[in-house]
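Take a look at these structures.
In the two complexes that follow, subunit A is the common piece, with subunit B as its partner first and subunit C second.
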Partner chain A sequence: MAGNDKKSKNFLVSKIGGQQLIVLGVIVALFAFFCIKSDIFRSYTTILSMLDFSYFVAFMAIGVTFALITGGNDLSIGTGMVCYGIIGGFFVTKLGLPVTVGFVITILCGVLMGCFNGFLVAILELPPFIATLSTMMIARGLGSIVTGGSSITWPADAWFKNIFKISIGEAKYPLGFVWVVLAVTIMTIFLRHTKPGRYIIAIGSNKEATRLSGVNVIKWHMLAYIICGMFTGFAGVAYSATFPTIAAGSGAGLELDAICAAIIGGTSMYGGSGTIFGTLLGVYVMSILKTGLPLIGLQANWQQIITGIVLLVAVFIDVVRGKKN
Partner chain B sequence: MGEVILTMKGIDKSFPGVHALDHVDLEIRKGEVLALMGENGAGKSTLMKVLTGIYKKDEGTITYEGKEIEFENPSAAQEAGVIIVHQELNMLSHLTVAQNIFIGREIMKGSMIDDAKMNEEAAKLFKKLNIDIDPAETMGNLTVGKQQMCEIAKAISHEAKVIIFDEPSAALTETEIEELFKIIRDLRDKGMAMVYISHRMDEIKAITDRVTVMRDGTYVGTIITKDSTKDDIINMMVGRVIYEDPKTQSNVPKDAPVVLKVEHLNAGKMVKDVSFELHKGEILGFSGLMGAGRTETARALFGADPKDSGDIYINGQKVDIKSPQDAVKYGIGYLSEDRKRYGVVVGKTVAENTTMATMEKFMKGLFINKKKEDEVAWTHVKALKTKTPTVDTEVVNLSGGNQQKVVIAKWLTRDCDILIFDEPTRGIDIGAKSEIYTLMNELVAQGKSIIMISSEMTEVLRMSDRVIVMCEGRKTGEIDISEATQENIMHMATLRK
Partner chain C sequence: MKKKVLSALLSVAMVATLLVGCGGSKEEAAAPAPEATTEAPAEEEAAAPEATGEALHFEIVSKGLQHEYWQAVKNGCESKAQELGATINFVGPASESDIQPQVDMLNAAVEANPTAIGLAALSTEACMDAIIEAQSQNIPIVGFDSGVPGAPEGAILANAATDNYNAGVMAAVEVFNLIKDKLAAGAVIGVMCQDATGESLINRGLGFIDKMAELVAAEGLTVTVQGNDKYVSDSKVEVTEGADVTLEVKVPASVDNTASANDATALLQTPGIIAIYGSNEFSANNLVTADGNIGKLGKEVVGAGFDSGETIIAAVRDGRLAGAITQAPVAMGEKLIEMLYAAANGETVADVDTGCQWYNAENIDNPEICQNLYGYTAAE
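Right after this comes the complex of A and B.
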């Protein structure tokens, strides 16, 4: 029987990965800790609001995992997400177009920005950090111009607001979580079992060897950034659904939550390895901390310090793992 | 010629699997230039690394200025006055010349660096050496030749007693070499002891007093330069010993069709007007010294580096190869000399590497057919006798020889007709080596054609049907294996323009 146990453990480790198991443990521990410490934390409303605030981070994090796997990064996702939501909302509120058009435009903006980031990184070969720092500033400026420096309010009855939280009678259900899980499933299959996914990992692992194998590395490298942009577009929709009004610039710093989540979830900053499921776990480590810390009396400044420390630990693990290889 | 300043006696050094130095002797005298010669891999650099403390010797003694010593590290050697001027310059291109010369021992004025004083000192140094360089100039703005002179000046400023030049002329123009020689002669007249490592026969004749020759990690002998001919030196370098059976005649039928024709290929500085033909079922050896432009030719042909001009024909059809993708499409596979960087994706598994160039064959709709991928990977693992526990093992865990087999498997999966093996057995142990040779022979027997770039003379003579020799980016010779000898290949490899 002992042999069987060992086998099933190896099976778990190989299917989920060592770091993910640890992160899963951390989530359970954190959740239990906050439940014991705070009555409010264990209420359904708190859990519901925690999930509400996790969707846009989750979409950004799924997207940025692709940029990270190629050995790059995308800093434009935070301000980008808000900017796309603003532009979509602008078409609806100021130009009177249907909500669906605004919805599509929001996602399209993300895809376009992804194309542009991909162009800068894969074709012009600019360092991803600087290239996407620049597009982050561009996105921020664009958002301000479109709102005229203030904010945009999507119609309160916009249909997509109900796809993330559905009310049946008195009760509300976090439908958004279903979309997130669906996205994680699809993108996991994409990354592990399709040709583009395989090439994106290979590029992050050794771009030159991949190129010399006759792979069109520019195309697939760009695709990673386009996927990242598309998911930022989804995040823009989720953000617009969560917040009644969107102020230009309010997304600044949110990219870090997403990048932290991916790294906590085991995506390597050196590229070549990472899983979407791990990223999702990372997202919930971040959400639980963000929701739980204020409830045990630690205010925003402390939250940032603790989040910073969590990130440091994750990065440290990544570096140690990198050295081993 | 002056008294002996440094003696190395019975120096022995082994690395795992390689006996790099086998009881080597060397004697350096004041006021002379000693040439250290040998083929690639003869052990020259290793010997100099042992001398300057980069490697620890296993056996033997080093006597310097009458005392037995062993330098702990290069800076200890430098401290004592034994300095290497490297082929790749160790210069900080953003700092000034003077800042470079005094790096690590800056002249201070209180707690501030005294740049003015450093410029002054550097200027004095240059004047002493008759070098015309502005100490305040940024290093990166100087030509390679001038940079080299700064490196020499730096050595002198460390009160060097022994200077080792490691292929100093590799990147220099004729005029720069003349200037370098002037400085070397000057230093010799002042009693400096110098070791000059180079492959260039004419330079050896021009500048050195004695020649010490090494071969396969052993000391062959030392001769007086002016009493010997170029052929004497070549004979000492290649020796008379035949280690492995060389091929005596080509296995390619006279009427074998030409599968690849390259005409007037030019690419950058290292590929100048190279033309050649490759026949079906042939192993075409590319011989030459380091930096002869063989790898660069292969990379330009494969589309890995841009080419400036030249035509490529495959099976008589003119083709336009702009990227590795194009080359692979036309059935060319490239096995890089630097497997870890360019050959395998080490963090990926054996199976994933095997199918890397042929993904589309392993798709079931949108998805990768993992079962088929594993099957094909296993077939190659068995056929090539790759030692790996599973096909899901990451390539990083395999030995050099087995990594090479994974790269071969990648191109076999692709069913390439033309394979470029760039240093196929570099860093591979003897056993795996002969397996790779057997494999290459099987491949040509199946009608594939191979370009084999090799710096090992024995490998070239054992494997090739025909040999092309390059020197400094040009093709300097082409010879059928029946006429090829170490001597005539080495002669062609040193034909400078």
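Right after this comes the complex of A and C.
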């Protein structure tokens, strides 16, 4: 019996991965804890709100996982997401273009910034932290310049708002979660089962060895940042759908939520390992904490301390694993 | 070979990206240009009347020009200046973080040798040299909006500004009138503030808390306040266990929409909640966002906001928000010019509260109100 248990456990561990299993347990525990402590947390509307505010973090986190896997980072995703949403919204509200055009522009801006980040990191070989710190500032300034410092309010009836939450009669359904799960599935297959995905992981474990084995490391390294940029574009759309008014120059700090999520989900800060599914789990650890802590009457600054401790534990696990390997 | 072609393609893509970037910066360079050009003729104008020693010219340095709020201040200034027969030159940096450009503008304003200067400083410290220079030339300075906080005594004659505490009091009175009948033991009133550091925001919150507590107590109910420590300790309300009515103050740890909206979600579902006040555009927007899933605003819960913007205006129109407070930037501009005029004539000037207004679905289209609202469009 005992042997059988061990076997099934090993099977689970190999399929989902050790850290993910822990994180999944943490999610269940946190969820149960808040459900017991707070009537409000149990309500459907709270869960719905929690999901609403998780989509843009999830998209950013999926993107930044690719940058992290290469051993890099992308700090430009927070202000970038806001900037792209603002630029897209500017074309719609101030220049009168159709919502669809604004939608495409938002995503395109993300891809362009991804190209630029990739250029800086993969071709110019700048340290990713510094390169993307610069583009983070650039994105922050750019959004303000485009709108002249004022905020942008996308039309309230923009169609893409309904792709994240649909109303059937009185009831509202979190459709955005479907897109997030779809994105996770596609990007997991890409990362695990396609050549480019495997090259990206290889670059993160040992760039030089990968290059020597004949892989065009510059190309695939860049691709990781372009994917990150594209998902930041998606995040910009999700953010615009969730919050009616986007303030120019905001968004600093949101990248950290996404990076935290990826690291909690088991993506290594040293590069070379990480899963998209783990990142998704990390996103929901963050979301549950952000939603649940205010509901049990904890003051805002304590919420940050607790989130900080959770991140510390996750990084500690990463370091311990790094030493083992 | 293939590698070369690819890298060439990538380089082209990069250059294209750079060009896009440069395109953006060109826009940036172009943006402040109109300000510069409006400034130049004004300087000439300034020089001319000075020579004749008769006409009045005021230089006004605001915190920005792009935001509609400042445009409204400018409109108020222009109409009043015309009425009084003075000329003005209204300038401001591209954003409220452009401290150095504002200092340059202030220096230019002093050099123009105007009759008086109106100033809303981004950084008092950075503006100090120019202020001293103006003093040495006997050019009076009047502060407006947030004025020139911490300026040495005598440097600034007076301020034309919104009294944010009074604005909070006004919100409390309006909200109280709407919830008077619902007040009972166990009632909760929510207060959402963006932060606990900005003086004007703190006053907006405290004005509301103090007045609301006073009004509730006058109904014969006990009242307490809980939540953010800064607001709780600075308010005049005594913290008591088991009071009938609770004022719950929520301040997010950072200016993050999600955190604020989560606070609103929690407040909206708190048992006994009868009203929620969002003390600026950020808080009120997130209150409206959170209600999207809950749908209690305008029904069980009275919502009140502050400032304007498209989201708040739409919510006021359809009744989700019972109303909101707006500052009166047009009146601020008018008062500022009156004060500059008085100062130029050697009269003593004192601080003026430029006032604020409560707007709701009924009076929002009143010209007296809507001239002060940014993001306003007339009802269809």
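As a convention for this text, the second predicted complex is superposed on the first by the 320 of 325 C-alpha atoms of A that agree within 3 Å, B and C clash if a C-alpha of one lies under 4 Å from a C-alpha of the other, contacts with A are read in each partner's own complex, and residues count from 1 in each chain.
The rule we apply is simple: contacts are C-beta pairs under 8 Å (C-beta built on N, C-alpha and C of every residue); 3 or more make two chains touch, one makes a residue touch a chain.
Note that the coordinates shown come from a computational prediction; the quantities given were computed from them, not determined experimentally.
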- Item | Clash-or-fit label for the pair subunit B, subunit C on subunit A | fit
- Residue contacts on subunit A - larger count, subunit B or subunit C: C
- Task: Please work out whether A:Thr291 is in contact with subunit B alone, subunit C alone, both, or neither, and reply first, second, both or neither.
- Result: second
- Message: Between subunit B and subunit C, whom does A:Leu254 touch in the aligned arrangement: first, second, both, or neither?
- Response: second
- Message: Just to be sure I read the superposition right, which of the two partners does A:Gly272 touch: subunit B = first, subunit C = second, or both, or neither?
- Response: first
- Vertex subunit A, arms to subunit B and subunit C (CA centres, degrees, nearest 10): 120
- Would you sort A:Arg321 into first (subunit B), second (subunit C), both or neither based on which partner it touches? neither
- Query: Is A:Thr245 touching the first partner subunit B, the second partner subunit C, both, or neither of them?
  - Reply: second
- Message: Taking the superposition on A as described, I'd like to know which of subunit B and subunit C A:Ala202 touches: first, second, both or neither.
- Response: first
- Message: Just checking: does A:Leu48 make contact with subunit B only, subunit C only, both, or neither of them? Give me first, second, both or neither.
- Response: second
- Based on the superposed arrangement, let me know which partner A:Asn216 touches: subunit B (first), subunit C (second), both, or neither? both
- Query: Now for A:Thr194: first (subunit B), second (subunit C), both, or neither, which partner does it touch?
  - Reply: first
- Minimal inter-chain CA distance - subunit C and subunit B, angstrom: 8
- Query: Which positions of subunit A sit in both the subunit B and the subunit C interface?
  - Reply: 216
- Contact residues on subunit A for subunit B in the complex? 189, 193-195, 198-199, 201-202, 205-206, 208-216, 272-273, 325
- Query: Which residues, counting only subunit A, touch subunit C once they are in their complex?
  - Reply: 40, 43, 45-46, 48-49, 52-53, 57, 112, 115-116, 119, 123, 138, 142, 144-151, 153, 156, 172, 216, 218-219, 222, 242-245, 247, 249-250, 253-254, 290-291, 294-295, 299-301, 303-304
- Item | Of subunit C, residues touching subunit A in the complex | 3, 6-7, 10, 13-14, 17-18, 20-21, 24, 27-28, 31, 64, 66-68, 94-97, 227-229, 250-259, 261-263, 265-266, 269-270, 281-282, 285-286, 288-290, 292-294, 309-311, 314, 374-375
- Interface with subunit A, subunit B side, in the complex: residues 302, 304, 323-325, 327-329, 334, 336, 341-348, 352, 356-357, 359-360, 363, 366-368, 370, 396, 410, 414
